[in-house]
Each structure stands twice: as structure tokens, then as C-alpha cells.
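Structure in C-alpha cells, see below.
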Amino acid sequence: MPFVNIKITNEGVTPEKKADLIKGVTKLLCDLLGKNPQTTVVVIEEVETDNWGIGGETVTVRRKRGQ
Amino acid sequence: MPFVNIKITNEGVTPEKKADLIKGVTKLLCDLLGKNPQTTVVVIEEVETDNWGIGGETVTVRRKRGQ
Amino acid sequence: MPFVNIKITNEGVTPEKKADLIKGVTKLLCDLLGKNPQTTVVVIEEVETDNWGIGGETVTVRRKRGQ
Amino acid sequence: MPFVNIKITNEGVTPEKKADLIKGVTKLLCDLLGKNPQTTVVVIEEVETDNWGIGGETVTVRRKRGQ
Amino acid sequence: MPFVNIKITNEGVTPEKKADLIKGVTKLLCDLLGKNPQTTVVVIEEVETDNWGIGGETVTVRRKRGQ
Amino acid sequence: MPFVNIKITNEGVTPEKKADLIKGVTKLLCDLLGKNPQTTVVVIEEVETDNWGIGGETVTVRRKRGQ
């Protein structure tokens, strides 16, 4: 019954990688906490780099500097 | 003053249905908890089926199987 | 499969009212959008009035003024 | 280490304004709470006006009335 | 830089289990998506069973039935 | 109409500091984006250090090391 929300920057993650991530997180919650995989929900949100800030600046700006 | 966030898969909900959902949830919070509708906020987020996982797999995969 | 998160101030909502709210929101998503109630999740978060701000001030301050 | 999520309606905020908002919120958390800006994350989510409800109706409807 | 929010019911997860979960999710994001573990944030929220609904009823009610 | 959610570790922020934070964020959204302060909502969530992970470990562990 857990609900997991994963926010990442929108920088080209493939559907296959997303499927692997969903599978992995669900397995982890089952193995560690005994949670039922059938009712475990994982939602991935991809956020534009203009809309994600860290260290007081956008990821867009950081990427331009090569970070 | 309540804040309601509704996450659903992005599978063609019309603006009319969204308006009905917003109206219905706001009314429910007013009727049941006495919350002021004027300051009740409802935000609907539509998530791609590749980004929504349940039972360890994506909704995209489930839809292909007819689930 | 929808996920609904309801944030309200922590001001004495009874378990019965919460159960009614969960039931009502789940029914609404089923009636309006055809969502399966068995996989509809509703999570209620109760927030202290010191931690909820509207109009630039806390709800604690507003309640003291009788709002 | 704080995490800030700002939800606004999607009505044409420029990248420059978003950068200013990220900078301002990060500074505020540093000045007021002594939080390290280097690990402060700010994520802005822009929500379509059809998907944002207040007062039981969508922002789309309110904008048409000039509100 | 990812931000992960895990909501589970408040039913006695130990600090050790939480530490394992944080470690596991962070490793998964590093291994699968190449995300920097140093800036990966994981926040666990434990929700009372009265406040968590699935299938239109609270987890409190389901637990009483042995589910 | 913006909705702001601020998650911080639960380490003794006073009600006065919270009120200042709410006031400051609301003012910022008004000054930068022209948002109406009367309908701007700010919710602060304080998370136990056992439940907050960064760099693959809990804040509890980091605090013990003096970080």
C-alpha cells in the first residue's frame, strides 16, 4: 500500500529505465518492509531544468557550466 | 482552506469531467468537514502511463495486457 | 489507481469523519472517472495551525482573531 | 537540506522569473532558518488552469469571467 | 538531485529499516539513472491508519478484519 | 493562488520563525509573480531526522558525526 513519488529532472530517461526503477523500488519495499507489491504505487515526475533549483540557481544554469 | 492533490494517469479526462471532480471534492469537504469552499484548492495532476507503476510494472505494460 | 492527498489543518476531525471523507472521495472518482475503488488511495494529512499559512500569516493567528 | 515545492498555474512565467523565485526562496531559508543553500532544493510545478480548482470551479472558468 | 517521497502507514518501522530503505533507494537511483547519491534526498512519511484509505475504507478498519 | 510546501527536518523551529517564513514566501510570490497574497497557501512539514535521508544515510546519523 505504500505510495512513492520520485521527482527527477527531465533529461531523457527512457521508458525501460523508468520500468526498471518502478520494479526496483517496489521490490525494495517488499523485501525490507514486507509491503504487498500488488498495492505499491510508484509515480515518477520529470521536472524541466528551468523549474528545478539547487544551491539557489536553476539546473539549466548549472548544466551550462558543465555541472 | 484545504488543499487536495489528485494524481491520475493521463488517459483523456475531459475539461468537463475535471470541472465536475473539482466541484464534487470541494462540496464534499464543505458538507463533511464544514470547510469554506472559497479557499478550498484542488489540483489535478495527470501522469503518463510510462511514469505510473503499480504491482512493480508500468501502467503502459498493464494496458497492453488489457488491464 | 488514483492517489489523492488531502491536507487540512489539525483541528479535531474525528476518525468517523475521516472515514466518510475517504469513502466519499473514492466514490466520486469511481462515479465521475470510472476509477476502480479497490486501487484508489486517499491519504489525509493534518497540519498544525502554526505550520499552515494563508494571506501571509499562520492559521493560529487567524483563529485568535476569530477567522 | 530543505525541499520546497511551489505549485502555480501555467500562465507564462519566464525562466528569468523562475530563477529569481528559486534564488529568493533559497535565500529566505538561509537567512531565517540558517539552512545551507547548497543543499536546498526548490521545484516549481506549473499546472494547467483546467486542472486547478478554487471555490469549486476551475481557474479557466474564473479567468473567462475576468478573475 | 532526485527527491523521493515515500508514504507508508505508521505501523512500527524501526529506524534501522528506515536507514536501509534510504540507502537502498539512493543506490537504485545511482545504479539505474546515474544520479549523484550526495544530492539524492529521500523523505519517509508515516501516516496514521485512520488517515489512509484504500478501497473506500480506512486501513484501521481493514486491519481489524485481518487484512 | 499558489500552493507552497516546505519540508524541513524537525529540529526546533519556533512558531515565530515559521510565521516569518510564511510571510516571506508569500511576499516573494506577490513581488516576483504578482500572485494575490490572500489566496497564497504555505504549508510547512517538519520531518523527523530518522525519516530524512541524504547521501544514502539518515540525518540522525549525520548529526551524530557533527554534520
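Should a chain be cited, it is by its letter among A, B, C, D, E and F, assigned in written order, with residues numbered from 1 in that chain.
In the analysis below, a contact is a pair of C-beta atoms (placed from the backbone, for glycine too) under 8 Å apart; a residue touches a chain by one contact, two chains touch by 3 or more.
Note that this is a predicted model, so its numbers are computed, not measured.
K.L.:
Between C-E and B-F, flag the pair that has more C-beta pairs in contact.
P.N.:
Greater number of contacting C-beta pairs: C-E.
K.L.:
Give me the C-alpha superposition rotation for chain C onto chain F, in degrees, nearest 5.
P.N.:
Superposing the C-alpha atoms of chain C on chain F needs a rotation of 120 degrees.
K.L.:
Calculate how many whole Å lie between the centre of chain A and the centre of chain B, each centre taken as the average of the chain's C-alpha atoms.
P.N.:
Centre separation, chain A to chain B: 20 Å.
K.L.:
In whole angstrom, what separates the CA-based centres of chain D and chain E?
P.N.:
Going by mean C-alpha positions, chain D sits 26 Å from chain E.
K.L.:
Which residues does chain C have that touch at least 2 chains other than itself?
P.N.:
1, 3, 7, 25, 39, 41, 43, 52, 54, in rising order.
K.L.:
By the document's touch definition, which label belongs to this structure's chain graph: line, ring, star, complete, or other?
P.N.:
Looks like something else, not a line, ring, star or complete graph.
K.L.:
Would you mind giving me the full set of chain pairs in touch?
P.N.:
A-B, A-C, A-D, A-E, B-C, B-D, B-F, C-E, C-F, D-E, D-F, E-F
K.L.:
Of all residues in chain E, which touch chain D in the complex?
P.N.:
For this pair, the touching residues of chain E are 1, 3, 39, 41, 43.
K.L.:
Quick one: which bits of chain A touch chain D in the complex? Just the residue numbers, please.
P.N.:
7, 47, 50-58, 60-61
K.L.:
For a test of understanding, state which residues of chain E touch chain A in their complex under the given definition.
P.N.:
Interface residues on chain E, with respect to chain A: 1-9, 13, 17, 20-21, 24-25, 28-29, 32-33, 35, 39, 52, 54, 59.
K.L.:
Please give the residue numbers of chain F that touch chain C in the complex, ascending.
P.N.:
The touching residues are 15, 18-19, 22-23, 25-27, 37-46.
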